[in-house]
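The same chain A turns up in both complexes below, where it pairs with chain B and then with chain C.
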Partner chain A sequence: MMQLSQNQTKRLTAVHGWGGVVLGLLLYVVVATGTVAVFGQEIAKWSAGASSSRGIDHPIDAIVRDLATKLPRFYLAETSIWENEAGELVAFFHSHVPKPETGENADFGTLFRIDPVSAVVLDRHEGFIWERPDTWETSALRHFLVELHVRLHLPDPWGLLATGILALLLMATALSGLLMHRHLIRDLFVAERSRARLVSARDRHLLASSWSLPFAVVLAFTGSFFSFASTVSLPILAQVAFGGDREAMMETLYEPAAPADDRPAVAADLDSILTRSTEATGGPPVFVSIHGFGRADARVSVWHAAGGGRMGFAHAVFDGADGRFLGVRPGIGISRSLGSDLNDLMWPLHVGDFAGLASKCLWGALGTTICFVILSGLRLWVRRREIDPAWRRFGRAVTTVGYGLPVALIGSACAAFLSATAGDPFFWTPVGFSVAALAGIALGAAVPENDRLALAFRRTLAWSCLLLPIVRMAGGGRSWAEALANGDAEVIAIDLLALATGGTLRLLVRRSPDRRDAAAQLPEPAE
Partner chain B sequence: MSAAAVLATVTTLAALSHLAATDPKRRRAAALPVARKRRRAGLAVTAALCPGFLLLTAADGVDFTLWLSAASLGGWGVAACPPRRAARAMVRLARATAAPRHRLAGILMGRSRDEAAGRIAELERRVDELQADLAASARRRTPAAAHCTHEVDAA
Partner chain C sequence: MPTPTVTHRRNTGQPYAALASAIRKRPQVIRWILAGPGATTAAILTMAAMPAWLPRGAAGVDNIVYPLVLAPLIWTVAFLYAVVEPNLPRGVALIAGAVVANGLVTILAAGGAFTGSVR
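Moving on, here comes the complex of A and B:
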């Protein structure tokens, strides 16, 4: 590896260590929730009692056409169509209207939730729909998890900026760790040495971080890309290259607007468009966007999920009046380029949704590895400074957050289940998280000894996991028999995973020796 | 996950297992004796990386990404496994697969299965005899005698 002077190594160690200490716990929250959010679709099915592949697999033309005829033309400027996890067709007819509070343009219109088989409208909402997730989101639990991962529930743009900075921190710690570790290749197979020593903690951290290094870099890069794209990169690009004209920038970056022609025209058959689009791109259609429905200049964009050896989304464009296929567009730019190919890879590489459940499981496992690396690094840092009471308190904070976050997430899931039938899950899910998190913090403050605290948390986590499937069913969730009858293996798989995790933790708690004596350990050198 | 990606991952993990089992530093840290079988590090590293290269050139990016992530994860699992436990598991695996391996070796060498199995059984019996002789002679040697022998050897 790269030879560094002693001073350079010291500086890198300071960057690596202090970066982790200052923001490591927040980074752990973002990575852990991201790891769970990888299974967002499965969690939505599990928590909302829903059953659908999310692909638009029913004829939709007659339904959309019928709804469009009943709406004023103003709402037909943009139409978004997708299928949610409950198997309902969602159609949002909208236009861009300045918001009274900020004066900025936002989507304003009418959203329908429709049974795609009987074409019955199940629900209808009007207004600035994106501000009311209960109108379009199937699962309150999934929504809460994703918002926590993406924005830490902070208002825009601060949430995205915060998670972007945390992604950069992950990148900085990964690269500084790579430079600091002089024998990365030679130590690639050195397993943890005998337990309860400082060198064992170091071995654990080094081994996990060395093997997960490529994934950490990919995750950090793609994460910061998504966080900074809308908050920093695009506004700067609009200012520098387009004199602040965002419309012009969007036309250059994405799709140039068709020459305006607002004469009424019969809309092309959407079912035929979806069939041809699937033939042209492969992968199921997951989202349809129509610009100017019923106008002569209408454009239909169809997005397809990964499939046929392609990792990212495919975007096919059709003429909305005569149904002509206009081509497959890259995610960014007008024609395919290296930049557009890299841009198309960002999403699948970040969320792991490119080869079904196999890729998601791998991404989930790799995310768990990164969580382990963060926590083991923090514990190693504390272990080296255990003589200082302030660092011992920080060690307890690491234990509290490390175990407290999963407990709080289970608390949010329980609140979502119990409020599903009688309350508003979009209100109670964050409340459940907050209550469980506060209980965890109280436990952390009440138990002064770190090992006993970890034991207490393991016990709590074990029972939480074991009770989770019972709470789900008590809240009106699907039974295993119903899930099997509907072919929803996800419901049973997540229940079994919770039971297995709870059982394993119970076994670990039973086998763990009384560690009260371990607290008397003195600090020792790393080697 | 396609069959190609699964095969590539299994090949890579087998090569990584060999590298881990014969890694001198790992064995030293776990107070294990030096590995008896040859390490052939270059060959093993090639075997670990080749599947990825083949997937990248012959298959698509999906398979390559799956292989890379599974190899990272599996590599960590192989390396994190305690060396003594891993060594015991390897011995158990070798014993469990001895008969089919011998049969396969017989087929590959072009001899009849019975003949090959007979020859292998004869060799194993001979090895057992030699090991028993060695153990008996080691028991006969007192610590003092061993010390003297060591001094003689040193001289």
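Moving on, here comes the complex of A and C:
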């Protein structure tokens, strides 16, 4: 490893430690919710009682054509089509209209939810649809989780900037940890030394951080890219390279608009386009976008999930009037280059969605390891300063957030389940989270001794996990028999995971020496 | 007695020596500024200047995509360099140099000086 002087090591230790102390708990919230959000699609199926693969796997041409004929031409400027986790077809016919509050252009139009088998319209909404997630999002729980991970529920752009700064912090702490490491290879196989509380904790922190280091860097790199690309980098690059003309930049980066021709034309058959697009790309079609439906200059873009040897999405483009295949485009630019390949890798590397459930499980496991690294690092920092009451209070805050966050997430899930049939889950899910979080904070304030507090939290978390599947079914969720009949293994898998976690925690609580005599434990010397 | 050559060297080096000495007098504050606003400004301006000199690639987008994707890495390099650099005046000179050079290129590019090569 790099040879560092004593002063350099001291400065890196300060960056590593103080960076964690100041923002580590928020970073833990972002990483923990991101780890759960990796399974967003599975959680949507589990929580929303849904049973779809999300791929557009029904004929859609007749349905879309019929709806389009009933709408004014203004709404046909852009059409977005996808299938949600409930197996419903969603079609959003819209145009760009300045928002009264900001004056900025936003998507305004009509959104239909349709039963793809019977072609019956289940629901219809008008307006600035993206501001109303209840109109297009299947699972309130998934929406809440993703928003917490991406924006910490802060308004734009502050939420993205906050999570971007946290991603940079993760990068700085991971790389400063790497530079400080004197024996990286040896630490990959370090064995825990028992009977020495602090050394043992340090061993566990080193072991977990050594194995998860490359993943932490990848996660931090891709996460900060997603946070800063739209808020900082693209506006600056538009100013420098395109004189502030964002439209010109978008045309360069994405599909340039076809020469304008607003003469009416019979739209090409969408089912035929989807079949040919799937043949050309491999993966299932997940999103269709039509520019200028029913016009001579119409363009149809079809996005496909990973498949056919690709890690990321594929984007196939067709002429919307005569159905000609115009080619497979990269995510950025009109032909492949190193830059577009790099850009296309960012999403699958961030969410782990490139080799089905296996890659997601790996990402979930590594995300959990990073959560452990953050919390164990904070605990180490506190243990070395345990003599100071202020640091002991901070240690209780670490325990409160460490255990309180999963408890609060389970609270939000319970609220989503119980309000699914009788209330508005988009309102009650954050309320459930807040109530459970406040209860956790109250518990943290009420129990003055850290080991007893951890024990109380473990008990709470264990029972919360054990009760979760029961609450889900009580809220009208599908039984295991129904899930099996529909082929939805996710429902049973997540229930079993909750039960196994709850059972393991109960076992740990029973075996915990703290339980037998929490008060008898004396603080140990730091070094 | 110093030789005339030595006196000459001392005179021309005096402002820099004074600056270096001022930097060395407040190492903690200067390092904070260098690793905080210094590294961030250098990273943002380096990213902003990149479309002016990077090749556009086969798809014509590489000069935009590279800075877009690499921005977090540029910040990380600048930040860690500011933390570990043992010679603080050299660190200040290097990061200030990056800020000035990339700032100039950015201003010229935003003003349309490289229109042909950027767009």
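Following the convention adopted for this analysis, the second predicted complex is superposed on the first by the 512 of 527 C-alpha atoms of A that agree within 3 Å, B and C clash if a C-alpha of one lies under 4 Å from a C-alpha of the other, contacts with A are read in each partner's own complex, and residues count from 1 in each chain.
Rule of thumb we're sticking to: contacts are C-beta pairs under 8 Å (C-beta built on N, C-alpha and C of every residue); 3 or more make two chains touch, one makes a residue touch a chain.
The structure presented is a predicted model; accordingly, all values stated were derived computationally and were not measured.
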Exercise. Should the pairing of chain B and chain C on chain A count as a clash or a fit in the superposition?
Worked result: fit
For this session: For A:190, select first, second, both or neither according to whether it touches chain B, chain C, the two together, or no partner.
Result: first
Exercise. Who does A:211 touch here: chain B (first), chain C (second), both, or neither?
Worked result: first
Seminar exercise, completed: With chain A at the vertex, the Cα centres of chain B and chain C span an angle in degrees (to nearest 10) of 90
Problem set entry | Which superposed partner A:439 touches (first chain B, second chain C, both, neither) | neither
Exercise. For A:358, is the partner it touches chain B (first), chain C (second), both, or none of the two (neither)?
Worked result: first
For this session: For A:243, select first, second, both or neither according to whether it touches chain B, chain C, the two together, or no partner.
Result: second
Problem set entry | First (chain B), second (chain C), both or neither touched by A:473 | neither
For this session: Between chain B and chain C, pick out the one touching the greater number of residues of chain A.
Result: C
For this session: Figure out whether A:333 sits in contact with chain B (first) or chain C (second), or with both, or with neither.
Result: second
Exercise. In Å, how small is the closest CA gap from chain B to chain C once the two complexes are overlaid?
Worked result: 20
Exercise. So which positions on chain A get touched by both chain B and chain C?
Worked result: none
Problem set entry | chain B residues touching chain A - in the complex, by the definition given at the top | 1, 19-20, 23, 25-26, 29-30, 59-62, 65-66, 68-70, 72-73, 75-76, 78-83
For this session: Would you pull the chain A residues touching chain C in the complex into a rising list?
Result: 4-5, 7-8, 11-12, 15, 167-168, 171-172, 175-176, 179, 220-221, 224-225, 228-229, 232-234, 236-237, 239-243, 248-249, 252-253, 330, 332-340, 342-343, 346
Exercise. Chain A touches which residues of chain C in the complex?
Worked result: 31, 44, 47-49, 51-52, 57-69, 71-73, 75-76, 79-80, 83-84, 86, 106, 109-110, 112, 118-119
Exercise. What residues on chain A touch chain B, complex-wise?
Worked result: 186-193, 204, 207-208, 211-212, 214-215, 306, 309-311, 345, 349, 354-355, 358-359, 362-363, 365-366, 369
